[in-house]
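You will see chain A twice below: alongside chain B first, and alongside chain C after that.
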Partner chain A sequence: MSEFTLSCPIPISDYPQVLLAHGSGGKLMHHLLEKLIVPTFASPISADRHDGATLTFNGSRLAFTTDSFVVKPLFFPGGDIGTLAVNGTVNDLAMCGARPCYLSLSFILEEGLPMETLWRVVQSIRAAAKAADVQIVTGDIKVVDRGKGDGMFINTAGIGVIEHSLTIAPRMVREGDAILINGDLGRHGMAIMAAREGLTFETTIESDCAPLAAPVLRLIEAGVEVHCLRDMTRGGMASSLVEIAKGSGLHLHIDEARLPIRDDVRAACEILGLDPLYVANEGRFVAFVPQAQAEKALEAIGEGAVQVGVVLADAKGKVTAQSGIGVSRVVDMLSGEQLPRIC
Partner chain B sequence: MSEFTLSCPIPISDYPQVLLAHGSGGKLMHHLLEKLIVPTFASPISADRHDGATLTFNGSRLAFTTDSFVVKPLFFPGGDIGTLAVNGTVNDLAMCGARPCYLSLSFILEEGLPMETLWRVVQSIRAAAKAADVQIVTGDIKVVDRGKGDGMFINTAGIGVIEHSLTIAPRMVREGDAILINGDLGRHGMAIMAAREGLTFETTIESDCAPLAAPVLRLIEAGVEVHCLRDMTRGGMASSLVEIAKGSGLHLHIDEARLPIRDDVRAACEILGLDPLYVANEGRFVAFVPQAQAEKALEAIGEGAVQVGVVLADAKGKVTAQSGIGVSRVVDMLSGEQLPRIC
Partner chain C sequence: MRYVDEYRDARAVHKYAELLAKLTTRPWTLMEICGGQTHAILRFGIDALLPPQITLLHGPGCPVCVTPSELIDKALEIAMQPNMIFTSFGDMWRVPGSRGDLLSCKARGADVRMVYSPLDALKLAQRQPEKQVVFFAVGFETTAPASAMAVYQAAKLGVTNFSILVSHVLVPPAIEVILSAEGNRVQAFLAAGHVCTVMGYTEYEPLAAKYRVPFVVTGFEPLDIIEGIYMAVKQLEEGRAEVENQYARAVRREGNAGAIALIREVFEVVPRKWRGIGEIPNSGLGLRAAYAAFDAEKRFGAARYTAEESGECISGLILQGAKKPSECPAFGTRCTPERPLGATMVSSEGACAAYYRYRLHSVSQTGTT
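And now, the complex of A and B:
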């Protein structure tokens, strides 16, 4: 009984209700996690605030992770909720340095959803699972009444095997590390935005949604001493970097001129007043590796990989970006909601 | 491209849209699974149509399962969506004969949900996890816009360890097996029904929602050769038995006079025209064990355990129930939707 009389640690006067921004990947979401969720379920396993948990069974190290997907619209250029549901969880496992093996698949369907829509999504889940070399081994279906859902929500959870002895976590980042990314930024967010708002640009911007296990495993197989990995989803590159800066207590400095952003994405961002640093990606990750291994790492990651910054020790838990004209600005976490239901 | 041109195997003329009954645990849900999901994701691991998958890593056998929870209302006598989300997944692991170890926890929140409601549910998840001796190790939060959800949906996935060499599955059921259950039937469904419809009876019917790993592990530790286990959730005892009858190809015969059903539950069922055999439970399971070990098994399961039937070989894939007046009827799967959003 006494457990229920503890009062809610999120001041009711500030946030009496859940806001869309509580799911944004930005400041409010971190506030919710830090105040309400993390202290409640704190354990040595979840202490690293990773994309997944690392479990040990009989000498095997496994990664375990979950994500729910509520993207709107269900279908968009370059993918759909099904590809996202597979790749999102596969990528969280990859960011633990694990080889993704098995996924669970759970649907929450809204009464009235066209059966053909479900069928199309199931087919793209199958194709995405095949491409990512994972098996769907267990699942669930729930149906909610009309008007109490939004067509379809999907949850996947995943299990992967960690076949190396590296510890990959924000606290492993070191002064002098190179900051690498694996390709151009901002396409997933802009693809969703364009599809949702019916915007048309000269070119179709397709989501970058893709499985990331292969480049990560190549990095590890190449013998690169990977310190930290993070996929740059909700909240974009900025939020991922701020999380890692806080987790490492170091200063991450990036050079904006080095960020690969396609012209059409940059133009769409400008029209809509969005900063590409905060736009979501679904097939992009950041890797922290020793500078001496940066060349080898870029080669292992493959086409599109580029070094965008370095880790400094002259400030604590801070991210800065040097603009094209040489001015350095502080990069903070997304503070409101840039684009709800991006994944 | 060709993958998408395959046509949907559920005849559009019959079911052009998803119905509430597709999530009922009854005939339509099985139709959806058999036609659309199972053939798409068929693998040796999922072949047993179990409550979870059994995975092998480096000699360790693990069980892996998932469930989403959409119960309405969120709070009901005897529990809430949080206790259900923990016990539902813990029980699916237990039905694989596994010791539940780790859960993931993913929320889909509706914009506008009172923060205090989230806090209360998080606290009951913590209490339920403690009671079931499992750790919540990873999670996710998504927020959908107002009117596109229903307060809160939860998904949990779970990993458990299988510490014995039994194969527990419908195909292991044998002629002559005793059919045991661990307590009275129908309380969860009637508790939800009463809470939702504002019905009041003389007594408050509380959900039977409870973790089932302890009685299952006692059965195994007692050396009982457990052939099959199934928790009797959506679709009630009847649907669980029909599934096992089909999976084993045998004839399951139960004696209705032996079914423990509380007077208030029976009365409420009569008033509402419901058959207690089809009403959902959240803390009840059926166990199939050799008749010679039935006594030992009942003792291991503990208070409330009772033998309710036997396995015969005189018919294929059939369930029959002998009524109080000696008449035997065929028990089929729930064909419509008795009570949507029961879990």
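And now, the complex of A and C:
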């Protein structure tokens, strides 16, 4: 067994300091998790590396998760840090196949933040919690010196109840599974980038931020044998698929021509040289279900749902995409965030 | 989406692939100059549709990749100065100098910001007159007009806290280095569409005549690229060596007169050092004496900085088309996007990054590309 060690497992020569890229959902963040965090707290429950942990108490199963929200700007088209803080945690619970029940709510506020701003965020948290049918039951407030926080950071943790016997995890994905998503890709990331950088396009791109428990529970109630679910947040669809390919040891193949991406999002990505496959979503998930149940699953998820690929067994732990001109290529995780290109 | 979807039409692309297969009678080696084209080729898999006799080499047209370590070191030194806002395009952030990159500089406390245009950096300088604002002016002829405009405006408006660290390079001199090198393999070029949007393509005409090689000014979508390859191979098969324009929807022979005039107003042609290649005469732009006040190198005294390139990195050979990324022994092992030996592995237009991102698994599985 591994012993407690005082020396840092990530060689200082690699990264003597934490970089922004360590929080991007890409490879650097995974290195940090794999080398520094997961082995330190080795637990069979966290071994699945899912969006939340599944806990068993006296025969009943609960899902437990936590998330922190550091978005800038605090308000953006289609949502704000408050709606994100509710939906982000609700969605992590939903990805465990749980019915979200209770959330905690912790604020880290920067001295000088207008009370009006805090009030607006609290109101939108209330509305989002109502929409997602969860209760805020505990919380905390801390205030840091002016200049030590970006106005407001929020942490939420959540508990949900699992009312079925399915195991939903990357290792449950099977050869022949259909890969489904619940709607168009890339809107949240582009909405944030446009708001942050003051980029204006002909139309306003609104975040897709939304609670996902309802479509997931409909899937399960319809009797679909759900193998794996993942919300496609930081790092976008590509990073979620790479994680699941690694976790399942299978080959995930998607058809780029089938990916629903709105024209305004595609245009903005073209201009900035970004690949929508890596752009963040806040109301989109990928579901792995047996191909024979794909039709039923798409109907249960509802409007916008589409099959984008299949699971193959001819290679281990990789993702490929068929390009618009019919040639296959590898889809890998990025190191850090996508950066707009020069020209 | 108009002007994009038409040029990604699978049927049209495959039709060109068939025509190309019929046309090609013997081996030909072509180079696409621009890194944007390299990425499109690998992302869409255009190379997989070509007849086996055609080899594509990837050229030096990635502005990030050819920026020498010493200039990145200068950027880091300037960025770390007090009271400084250092601005740059996003894809310079992760490019390693000899002592780190801008991203780690930011982690050490420097105020490094990403901008989408040098004019945004100028606006920042106007909003924060108590700070020095430097823009890292990187790029080929494509981005030079915007840098020139920022300096021109700064001079006109009397913005004294704005300056640029110039690293602008020019395409034709680099092509001449490749063509005149012993053992050159390149028989035809796809010229970079966006560079020609600014400069036109008259500069390539003497090169085509002198070295007897065809040039086809080419766009960036799959259909553009395969049509450009078709036009270049057609010239080769017919024994012609002309400059042709595939990207006529954006490029005129004379280029953009206003942009060229602005470049000439602010910049003069100077020798520049290219990463992995060395100094090429008349291959870059520097500020004219009249605008020397906006030269960040002079203002912050970083002018005499030199640094050695990483010994193991073969990016110089890759940028000149002498080697492919998969032929580098460090590729994907000692050199990855997380731990790059050279800029070609981290730039969004770098050839090594394109191979790593779109081909790594096929490279490691079969040992070929």
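Rule of thumb we're sticking to: the second predicted complex is superposed on the first by the 333 of 343 C-alpha atoms of A that agree within 3 Å, B and C clash if a C-alpha of one lies under 4 Å from a C-alpha of the other, contacts with A are read in each partner's own complex, and residues count from 1 in each chain.
Criterion: a residue touches a chain if its C-beta (ideal position, glycine included) is under 8 Å from a C-beta of that chain, and two chains touch if they have at least 3 such contacts.
Small disclaimer: the values here were computed from a predicted structure and weren't measured.
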Which of chain B and chain C A:Val330 touches, first, second, both or neither: second
First, second, both or neither for A:Arg171, with chain B first and chain C second: neither
Which superposed partner A:Lys318 touches (first chain B, second chain C, both, neither): second
Which superposed partner A:Glu110 touches (first chain B, second chain C, both, neither): first
Touching partner for A:Arg218 - first (chain B), second (chain C), both, neither: neither
Contacts of A:Lys246 with chain B and chain C, given as first, second, both or neither: neither
Which of chain B and chain C A:Leu19 touches, first, second, both or neither: both
First, second, both or neither for A:Pro340, with chain B first and chain C second: both
Partner contacting more residues of chain A (chain B vs chain C): B
Shared contact residues on chain A - chain B and chain C: 15, 17-21, 340-341
Chain B - residues contacting chain A, complex: 3-4, 6, 8-10, 12, 15-24, 29, 32-33, 36-37, 40-41, 43, 45-46, 52-53, 55, 57-60, 62, 64-70, 101-102, 104-116, 118-120, 122-127, 129, 135-145, 147-150, 153, 155, 157, 159, 161, 340-341
Touching residues on chain A, where the partner in the complex is chain C: 14-15, 17-21, 27-28, 31, 197, 199, 263, 266-267, 270, 272-273, 315, 318, 323-330, 332, 334-336, 339-343
Residues of chain C that touch chain A when the two form their complex: 1, 4, 8, 10, 13-14, 36, 42-46, 48-49, 63-64, 89-94, 103-104, 106-108, 114, 116, 138-140, 142-143, 194, 222, 337-339, 348-349, 356-362
